[in-house]
Amino acid sequence: MRYLTSGESHGPQLTTIIEGLPAGMPLHDTDINNELARRQKGYGRGRRMQIEKDTVEIVGGIRHGYTLGSPVGLVVENNDWKHWTKIMGQEPLAPNEEDEVKRKVTRPRPGHADLNGAIKYGHRDMRNVLERSSARETTVRVAAGAVAKKLLKELGINIASHVTEIGGVASSVKAYDSLENLKEITENSPVRCLDPEAEKKMMNAIDEAKQQGDSIGGVVEVIAEGMPSGVGSYVHYDRKLDAKLASAIMSINAFKGVEIGIGFEAASKPGSEVHDEILWTEERGYYRRTNRLGGLEGGMTTGMPIIVRGVMKPIPTLYKPLQSVDIETKEPFTASIERSDSCAVPAAAVVAENVVAWELASAIVEQFYSDRFETLKELVEQQRTFAREF
Amino acid sequence: MRYLTSGESHGPQLTTIIEGLPAGMPLHDTDINNELARRQKGYGRGRRMQIEKDTVEIVGGIRHGYTLGSPVGLVVENNDWKHWTKIMGQEPLAPNEEDEVKRKVTRPRPGHADLNGAIKYGHRDMRNVLERSSARETTVRVAAGAVAKKLLKELGINIASHVTEIGGVASSVKAYDSLENLKEITENSPVRCLDPEAEKKMMNAIDEAKQQGDSIGGVVEVIAEGMPSGVGSYVHYDRKLDAKLASAIMSINAFKGVEIGIGFEAASKPGSEVHDEILWTEERGYYRRTNRLGGLEGGMTTGMPIIVRGVMKPIPTLYKPLQSVDIETKEPFTASIERSDSCAVPAAAVVAENVVAWELASAIVEQFYSDRFETLKELVEQQRTFAREF
Amino acid sequence: MRYLTSGESHGPQLTTIIEGLPAGMPLHDTDINNELARRQKGYGRGRRMQIEKDTVEIVGGIRHGYTLGSPVGLVVENNDWKHWTKIMGQEPLAPNEEDEVKRKVTRPRPGHADLNGAIKYGHRDMRNVLERSSARETTVRVAAGAVAKKLLKELGINIASHVTEIGGVASSVKAYDSLENLKEITENSPVRCLDPEAEKKMMNAIDEAKQQGDSIGGVVEVIAEGMPSGVGSYVHYDRKLDAKLASAIMSINAFKGVEIGIGFEAASKPGSEVHDEILWTEERGYYRRTNRLGGLEGGMTTGMPIIVRGVMKPIPTLYKPLQSVDIETKEPFTASIERSDSCAVPAAAVVAENVVAWELASAIVEQFYSDRFETLKELVEQQRTFAREF
Amino acid sequence: MRYLTSGESHGPQLTTIIEGLPAGMPLHDTDINNELARRQKGYGRGRRMQIEKDTVEIVGGIRHGYTLGSPVGLVVENNDWKHWTKIMGQEPLAPNEEDEVKRKVTRPRPGHADLNGAIKYGHRDMRNVLERSSARETTVRVAAGAVAKKLLKELGINIASHVTEIGGVASSVKAYDSLENLKEITENSPVRCLDPEAEKKMMNAIDEAKQQGDSIGGVVEVIAEGMPSGVGSYVHYDRKLDAKLASAIMSINAFKGVEIGIGFEAASKPGSEVHDEILWTEERGYYRRTNRLGGLEGGMTTGMPIIVRGVMKPIPTLYKPLQSVDIETKEPFTASIERSDSCAVPAAAVVAENVVAWELASAIVEQFYSDRFETLKELVEQQRTFAREF
């Protein structure tokens, strides 16, 4: 499976084309809209989230509720576009319009793509950069991920996430009865946290950051249950599933780290406390006593839950000014503010879920490929049986 | 650029083919052999490192010291192959030979690819898995990386690494005068550590782990200086350089996490202490006051040093036994030992350097592509000027 | 550069996303609309061409007349969609609606994708196949090609085409004064033919085929002038430019053959009459006395005009019935007619031009890549100088 | 599946790495050596074919007669290498050696990659080009193809070829009882021709060409029987199987055209005589009355035999001189002769078979993927049943 996205933050729409889905898979716009809505929630978001109530329009590849096998086209309109038709329009500007309407940006914001992107593409107006580098693009990545999530769900693979840290406040609750139970709690938590104590402190930290014109980041954890064992591969470095997950997480705007299972803790523990012992029963087949390696060994799934964490840095747009330089005048200035989220970690958890869903679904579709979804479903089930009886 | 590798741990040889190098780049086998030798050093390695003194044979793509533009073929022979011709040979075995020579493995080692790989490919003899999943394969990944490193060096981009933690012992020295200076220290440290105090403690920790039949992991940091700004891209998720680096690090055997710049620390700091202020002088152009983001913003280089860290779990092969299950008898057993490194973190630092080199070189070659290395070199230099004068 | 397309023939829209264009390249919707209009012309087309007046909407990647470097999103609406919302809608049908509105297709047409596609994807309703396998999809391939064509034009590379045969009538005019002159003639010919005699006979052949409820195919020739020499490569089989052109032409609906230069004639001529002698003058550099190899030697451009021909089979939808089998009843029937073009060769010439443009532009962008179009332009010019002075 | 190749014509060896084969597929070096031997036969070959008796060495991915799932490494040594170690060695030359041993080539041969390749990569010594652009590289393409062929054979898919034209002499025998019968005849024909009359004339034509210091080309036809229907796809242009076959054929050295089924004849026939009527019987399922479309409709297999033809131009190295220009002196000269095959069409038929085998096997492996060859085999069989019962 592969997908491309297009669209600027204040352009007419965001678009994605997903190629490589099998035919006959059930898919409705509500499957996607649910994820888009989840992405827009979360304590600490600013005005933009109110302007846009994202809904998807399916423009290809689905008929009467099922995939056709042809590429799926998805469109999410930018409701604000009507106010930006001149500024972001495709038509050349008349010379006199340039100053009036262009809203040229010459002041790069530290921590954003502005300056590097301008130097790369030769843009003297950094609006040409920020319109695309904006996290607005994650909307269609979530849309594509929602399709993947649906595919996984049909195969009995479930994905959820929770926030484990915000602004230095760590969640102390790591256990949950079931993924359903985890979802219930996190969907009702403004910061998607399992720990009610930490939840309050996180919200306070967000409020405080906002008050001080600052912003805070955090850590999100994605969990996937139900993956059959042996997905991914050790035979070539670019087929390792853990490498693909790392890439997916790191490609989310503002993410600076990723770990699987115990992750960085592995540096301070002896091997005997890191590896997961292998057990076997007739009903269950092979399984692990523990899951410190987060469901991945040798670039492949073990059959245990996949556990991936990523760290998001604080949103770089601050009221609290950081120094920068105007690229026209070369004069220093203190960085301008384009918007005002003080914390986007809860939303990022939803994005992380969906990019992980994409990688897992891609790996599944590659490994148990069939043009017909029903057959693919059977093949995954057969793999489960094969593993159990191995 | 792209490369494939083949070869099993006890097969005749490891092979790699590198496609996409420009023509006219100087390259000698010594460039590669140096890196291969560095990979074989390090306190805590076992017997295998003595058996194999890896040297490369160039079998394509180089003539009289320069790349031809055609694919570069590299071979590293396994010196031990002569003892394994029957066990690992390509010829079918006679029925009576099966038991004698096959050295069949039916006992999966926890933390290895053995069991998942066997289930995936349907191997009842897990030697079929472990021969390829072995870290021996990193030899040719280092060979490919050494070619990339040479390319970068010619462009004035230097890469080095140091070990920042082993078995819970952290290095407290983070500063260094220059990359040359860092290299000098680490090349003379048995654990590739900048901090002489920590070095001793790390070596003690390794000794102790060995004594207890245990193993320990650690954290390595790779630094690349000299990358022009604007390499990578924000325009599409799969073109982000940070995502590619994350994938590269996570694809190294036994790595469970990766971070860029301050990484996971970003979860506990306010935005004002995370982002790097932008400064400018006429001679230097734009630069950052600090480098907390590790030289990468918006999926692109900032021109500051690239800083990437990865965590390696302890080697899963222990004298201290972990429980597992024989796949034939389904009887539990305590996991066997195939080899005896108690810590491979120093070697892993060299591997990490080289896989990072590959990603950086690939990004450079893609972005400043020319069929002729001399032109590519000029284009990179022009980019530096362009950025400085922007 | 890469692009994906989505959209069904009677769905809401056709969409394409083009990724990898440099920034700062001029692009207007008229550049694309011109090509879309050219594709809709041609003697022998049926009703559909009157219904749809295709125009493109740019939904990403362009601002104020220039590419941004971000992916370009293009949409072409299907004007007929309003009549097909139920039949082709994404919503599941109510059970009672199924028979009424579904317009289920169970009778595969010989020569179409219907039957193979149904078997592949498991569609019992072959509308699920024909909606995507329809040549309607070439609309967005032309849109993508138009972008490529614009890029080439900016670099001084021009592409045109003419029809050399229709239904057994061959054009006897092979010469033309200039590509501009060729364009003038073919744009005014209803069958895009250089030979006025043949033109009349071709039109008669089309009329006759129509009268007899039959259809005819033909041969189109695409010419590209201005390509610098050395584009493509011999170093790896999948980098050869001739192979890419062959793939592009053969991927057009109904094409069954492709040749470069003298093509199949090369089977009956001695080497001394096939190869092009190499000449040199100070002003011009190297050139060939003849151009029998169609501008390509060793998988690379020679600097001479690129000449590629493709053969299109007659459109398989005929009034004249061919036998087939209903997949539900297994009863034989004589194939139904969905539409009535009796010859689509002139339009196919436009499609061929545009897919060739895509391949040439991709090869150029890969080989002289720069993020900034102005630099890319300079690099192509430098290559021309380098070749001249070589 | 993917593969890379490396190696120069007079370098130490040719190498290929094949990645993506399922595990458990039987494979022996004899499977490959047979194809290598077939490639070296054929009336009209020169001295080189006597020097090299190509045999493969398997250096990875196979154990005890079966694929491991890991990449397959294949090596074919150049027996002549011992005479070329200085001229083609990797070590830099001492200044005084340059003139002596370098065998510098400054005279580009018309019809070869020499000049374009030199301009592309900036090589003043065109030996740097011709060593790689040589058809010697097809040796490892055949090796990779032989692996694919073996895979197909295990699935009941057989591939063969015959020569239909050489130097203007066309074979008039198009029918054959079975593919086995065709193979028997062609393996015993020095020009791989089914028509004994034409065979003689072709050999005469080769002799005559040789006498005159000229060379001749021809047309080869590849036939594949047993492909299940629905392989390939219409849903995206780059997934069409006919496009992939066209690319594969055109990428063979010296090929200038490709056609499928009746190919270019389709330009002169009415639709009613081009398309294949669809029939059905309970035992056989759907099939076509004729096979004018060569087993491919809508980019997919129909289940009928695949028929692909390609045209090879005469080998460009002639005793009969063509004019060219020395790149150092800019003096005209008449092109030198490096070797003396006067016709390589019979060998090219073998190459064509093997590159077609690669594409078909890749398409099969992608579409019916399983990590375990036994399962893949079952899936292909299930597809045959599904198609028959559809």
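Here the chain labels run A, B, C and D in written order, and each chain numbers its own residues starting at 1.
Everything that follows uses one rule, which is that a residue touches a chain if its C-beta (ideal position, glycine included) is under 8 Å from a C-beta of that chain, and two chains touch if they have at least 3 such contacts.
The model shown is predicted, which means the values in this text are computed figures rather than measured ones.
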item: Any chain that touches chain D and chain C; value: A, B
item: Most remote chain, CA-based centroid, reference being chain D; value: A
item: Approximate Å spacing (C-alpha centroids) for the pair chain B, chain D; value: 37
item: Distance from chain C to chain B - Cα centre to Cα centre, in angstrom; value: 45
item: Centroid distance [mean C-alpha coordinates] between chain B and chain A, Å; value: 27
item: In chain B, residues with contacts to at least two other chains; value: 4-5, 19, 69-71, 120-122, 132, 230, 233, 235-236, 371
item: In the complex with chain C, residue positions of chain D that touch it; value: 4-5, 108, 110-122, 129, 132-133, 137, 141, 165-168, 209, 212, 214-219, 229-231, 233-238, 240, 242-251, 253, 255-264, 266-272, 274-280, 286, 288-289, 293-294, 297-302, 311-316, 318, 320, 322-325, 327, 330, 332, 355, 386-387, 390
item: Residue numbers on chain B that touch chain D, as the complex places them; value: 2-8, 11-17, 19, 22-24, 28-29, 57-65, 68-73, 75, 88-93, 102, 120-123, 128, 131-132, 371-372, 374-375
item: Footprint of chain A on chain D - complex, ascending; value: 19, 69-71, 230, 233, 235-236, 366-371, 379
